[in-house]
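Take this structure first; my questions come after.
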Amino acid sequence: MSIKVLFFASLAEAAGTRELILEPASLTDLNSVFEKCAKERPLLESHRASVLFALNSEFARPDSPVRDGDEIAFFPPVSGG
Amino acid sequence: MSIKVLFFASLAEAAGTRELILEPASLTDLNSVFEKCAKERPLLESHRASVLFALNSEFARPDSPVRDGDEIAFFPPVSGG
Amino acid sequence: MFGLVREPIDIRKTAEDIRKPEDGAIVVFEGVVRNHSNDKPVRFLEYEAYEPMALKKIEEIGLRAKNEFDIRDISIVHRLGHMQIGECSAVIVVASAHRGAAFDACRFAIDTIKKIVPIWKKEFYEDGEVWIEGAH
Amino acid sequence: MFGLVREPIDIRKTAEDIRKPEDGAIVVFEGVVRNHSNDKPVRFLEYEAYEPMALKKIEEIGLRAKNEFDIRDISIVHRLGHMQIGECSAVIVVASAHRGAAFDACRFAIDTIKKIVPIWKKEFYEDGEVWIEGAH
């Protein structure tokens, strides 16, 4: 399966990229995707306590399952307005 | 002594005037001035329960004494904004 | 800036004039002439004021707003005379570093204007006209 | 009207476009780029968004405001990209027959934007730059 992972703001800087395409071998959840990214991009580790997860443009819990074609986003607490 | 009396909004219509100069013979208070006006202009009577008094551009109680040269105003509850 | 005017209020200018680089929030209230009042169609309005006292009370409200809320500045302008439906009868602009105080001060100002500023509104209908009296 | 824009926000147009003859009160909130943040001078800002989700959340907030408060309409526009001190980063306009609901809805909208809309602000200082993170 293939999923798109987006990073924003400080998470994009920590990841060194704004977008990844991952092709996990088996079913997984948002948290596992973050783990996988953080292993390859260790600067992401420091954001683990505050990172927010979105699944297909909606806030989602870390244990939300990921399906083929999903768009995942990792970002810090928002600061717009 | 000479005092100026102003009427506004529905009170001006009831009084049939916007301004009077009164020359009371003796010291008096706001309420007595209203009484005197209402005796000569009976349409003012119906406003007695709701009329507001101002003395020299400040809200004042009906028993506030009136002095020579004072500007008195009688008007209904305000409705600006 | 505190004022009573007889021409249309320039809302944008009122909001621009107050602005300084340290402000983070601007809250604007506009009172607008409605086309109805208690379900009755309104053709137009006239506002009358006891002008010297109205201006004094508006200034008082502005000073109280600056004393009681954490805002940097406030402008209050009320229009008098004839007004068409949709025209702005009054505008309040509050500038502040933070938004909560700006909302609170703006609301305090309009609520207090409606209680203590000697201005009266007359509504004109197809079949007559009525002076509106506020709550006593 | 709900939008994300990259050019300066035309606040007056946003407020004029929403207006209808039945409205008695317009409340406008403008978020403005401040020249300081925690006492540190700010040179300019950049806002970044997860755009599809941000627009969806802004629309959600607008619909909730219309459902939960007695207002007629609400517009929310947020600007993205580079912004100078004094420029408007976001504007909310609420139109209502009565002012209380307009204030409540406007405040609800900006408070909720700051909690759930995926937009982030980066402050640029003389000696560096920092992504600002909201309260979690």
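Here the chain labels run A, B, C and D in written order, and each chain numbers its own residues starting at 1.
Operating definition for what follows: a contact is a pair of C-beta atoms (placed from the backbone, for glycine too) under 8 Å apart; a residue touches a chain by one contact, two chains touch by 3 or more.
Not measured: the values here are computed from a predicted model.
Note on connectivity: the fewest chain-to-chain touch steps from chain A to chain C number 2. If you average the Cα atoms of chain A and of chain D, the two centres end up 26 Å apart. Separating the centre of chain A from that of chain B, both taken as means of CA atoms, is a distance of 74 Å. Our note on geometry: chain C versus chain D, Cα centroid distance of 23 Å, whole angstroms.
Those residues of chain B in touch with two or more other chains do not exist in this structure. Residues of chain D found to touch two or more other chains are 31, 110.
Pairs of chains that satisfy the touch definition comprise A-D, B-C, C-D.
Contact residues of chain B toward chain C in the complex are 6, 8-10, 13, 50, 52, 54, 57-59, 73, 75-81. In the complex of the two chains, the chain C residues touching chain B come out as 31, 47-50, 52-54, 56, 78, 89-90, 110, 113-122, 131-136.
Remark: chain C residues 11-12, 15, 19, 21-36, 85-86, 97, 99, 103, 106-107, 110 touch chain D in the complex.
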